[in-house]
Amino acid sequence: MSIMSYNGGTVIAMAGKECVCVGSDLRIGEQMTTIATNQKKIYKVADKIYLGLGGFHSDTQTVLNTVQFRKSLYELRENRKIKPKVVATMVSNLLYQHRFGPYFTEPLVAGLDPITNEPYICGMDTIGCIAAPRDFVAVGTGQEYLLGVCEGFWRENMGPDELFEATSQALLSGLERDAASGWGAVVYTITKDRVNMKTIKARMD
Amino acid sequence: MTLSMDNPMAVMNAFKSAMSQVRADPPWRDAARKHGDRWNPYSFEGGSTAAIAGEDFVVVGSDTRMSQFEVNVMFREAEKIHVLNDSIILTTSGFYGDVLQLKRVLESRLHKYRFDYRTDMTVDLCAEMLARNLYYKRFFPYYTGAILAGIDEKGRGAVFSYDPIGCIERLQYSASGAAEPMIIPFFDCQVGQVTVSKETEKPALTLERAISLVKDAFRVAAERETSTGDKIHLVVAAHGKPIHQEFLLLRED
Amino acid sequence: MEMPSLRMSARDESSLRDDETFAMNKAKLMSEPNPDRLFFELPPRGIAPKEFVNTHFGPQSGAKNLQFRKGTTTLAFIYEPKTEADKGGIIIAVDSRASAGEYISSKSVMKILDISDNMVATMAGGAADCQFWTRIVAKYCSLYELREKSEITVSAASKYFANVLYGYRGMGLSVGSMVAGYDKRGPAIFKVDSEGTRVSLRLCSVGSGSLSAYGVLDAFYQPQMTDEEARALGRRAIMHATYRDAGSGGVCNLVHITPTEKIRLPSVDVSELLYEFANEIGRDIAYEPQED
């Protein structure tokens, strides 16, 4: 079993019309043993920007702390709100700084532009290669399972409700076949006015 | 050459070359093991197959791409679905040589059965036979993910799924091959309806819906999986009707 | 005792003439091998089958979707009836997940396989190995009954099973089975595995989730129970095992073998069992998302 699936966990993000959805499962394990079922993998970076981190748990925490620190420093220095694309570049730079001894984490950035409310989502590999599609991204152990279902669910210009439904359905279907993630899920719907957090009841095995 | 600490670079270099030699050819590996490790009789020609069983029908789909090392497309019209008789359809992904051999074995057994009993074998019997034949090669397995589909004795659709050494299970839907991890959750959602709560009214699985789901599954797979593409080979068997086959175009990139 | 013997296919091929080889291949293709002398083809040139299979189908190989199915929690225990109304006997409970690495290749495997009218075997380890060899044991038991005109004992059946598996030791079979049933000597459970173990136990669990199952069984098992209690205990142990072990899940299948009959109970979703359990003890397991 590789280090990337030691703790397990899956994160997904989907983009809609002036809204994005980001969801994760709640399991944290040690190989095949489930340790806890209340560990979300989505973290708030700025008001409408969230960072999802899949992979090795201790590395995700290190990356998260460093990114939060750098983001605060950026906002203080520039005296303006950070954009999701900047967060993504920041994470990417951090990961590439460790090119030859990488953090074992695949991050995902999802959010709305603080001014234009344009949705932005991106995923990257362990050394920070950004892939920013316009539809959806998934990282973590369940990536493959999710991509298939997402492809079937995603439509152009979805509203917040429709987007939430699509994300939840895709996430639940993906968790169905991934032994290393599951045990509940949480989905954040980010719109220009507010962030809506919802827990989804999932299978507990 | 004698090494002394007067020339530390030479010592270092000698040490390094000794290390790399040991790493490449560790002394604990005996001759047979070295040989066995290198000998690879298998190759993987990519592609995916899927099947859905309904009340009185079964829909089987596969792509027609044959690729090498997941990059080179060798052939765009490879047949991965084999219609064995009026009610049995075999579909396999994996090493094409093993696929053909497996097909040949099954065909000759079916032929002999028809000769001995003057009737076609039913899919239930064939499924058990396939499981045993896969297991007979337990220590030198067929490199295939097989699915056997058909119409059973009672006129119901049947899909049997196997692992390479013949673990058999009858399911409502199954997929195998490179895009299995993408297609299966999609079917879980659309056919198995696992994501909706029990109270919700669920759409019935009609033949039309099953066909369109199989088509969708391959469009999804072709979009995201490199070794799946070119054409969908669709085979539909319904109770009391002849087997119907068609080809549909898919992405060619 | 008749034993399926190994025949090396690589051994004699070089000594055969071309037409003989052809005839042999044709016979192989046309008819099923004689089941009394099970015919397993081995990798050529004396390559060890265990290593060969592991190289090409193991977790390190490129065959991501072609790995063999495995992973399990199975348990069985014997209990005495507590009241007149109860029957007692053996409870066998299992989960239904088959996984290949982290991929769940099936959610609905039946892991309790029939051997005879009053005997079952459970399935842990390699799914195909268990299915195939259990069938061989079942056949042996049927033939025994026809020949001896009396039912085979669990002890004898499990011994045959263990001997067959021992004959294939070092070949890479992976079986962890419990043979459980009621015979003229009463209830019996034998744990049999591919290394050759065969032990008689009254309470037993096998598989990746067995430790969690043992935890529940050891805490709540009593020699005397009502049928309802015993069935609930079996289900609960499986449920707790599936909760903690990623290799187990799906539904809980349960078989109750009483002195007179074998009852297959309907499968119950373990996820629903967990929610029921949480409700029962009043624990709130719902996750509340917090703003951070």
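A, B and C are the chain letters, set down in written order, and residue numbers restart from 1 in every chain.
The rule is simple: a contact is a pair of C-beta atoms (placed from the backbone, for glycine too) under 8 Å apart; a residue touches a chain by one contact, two chains touch by 3 or more.
Predicted model, so just to flag it, every value in this text is computed and none were measured.
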Chain ID, smallest distance between chain and overall C-alpha centroids: B
Two chains joined by the most C-beta pairs in contact, as defined above: B-C
Centroid-based (C-alpha) most distant chain relative to chain B: A
Approximate Å spacing (C-alpha centroids) for the pair chain A, chain C: 39
Computed distance of Cα centres, chain C from chain B, in Å: 25
Centroid distance [mean C-alpha coordinates] between chain B and chain A, Å: 32
Multi-chain contact residues (two or more partners), chain C: 103
Shared interface positions of chain B, touching two or more other chains: 181
Where chain A touches two or more other chains at once, by residue number: 176-177
Residue numbers on chain A that touch chain B, as the complex places them: 144-149, 151-152, 168-170, 172-174, 176-177
Residues of chain B defined as touching chain A within the complex: 179, 181-186, 188-190, 194-195, 216, 219-221, 223-224
Sites on chain C touched by chain B in the complex: 29-33, 38-49, 51-53, 55-57, 62-63, 65-69, 98, 100, 103, 105-106, 108-109, 126-129, 131-132, 171-173
Chain C partner contacts - residues on chain B that touch it in the complex: 32-33, 35-37, 39-42, 44, 94, 104-105, 108-109, 112, 129, 131-132, 134-141, 143-145, 161, 163-169, 171, 176-178, 180-181
Complex contact set, residues of chain A against chain C: 1, 5, 8, 26, 29, 32-34, 37-38, 40, 43-44, 141, 176-180, 184, 186, 188, 197-199, 201, 203-205
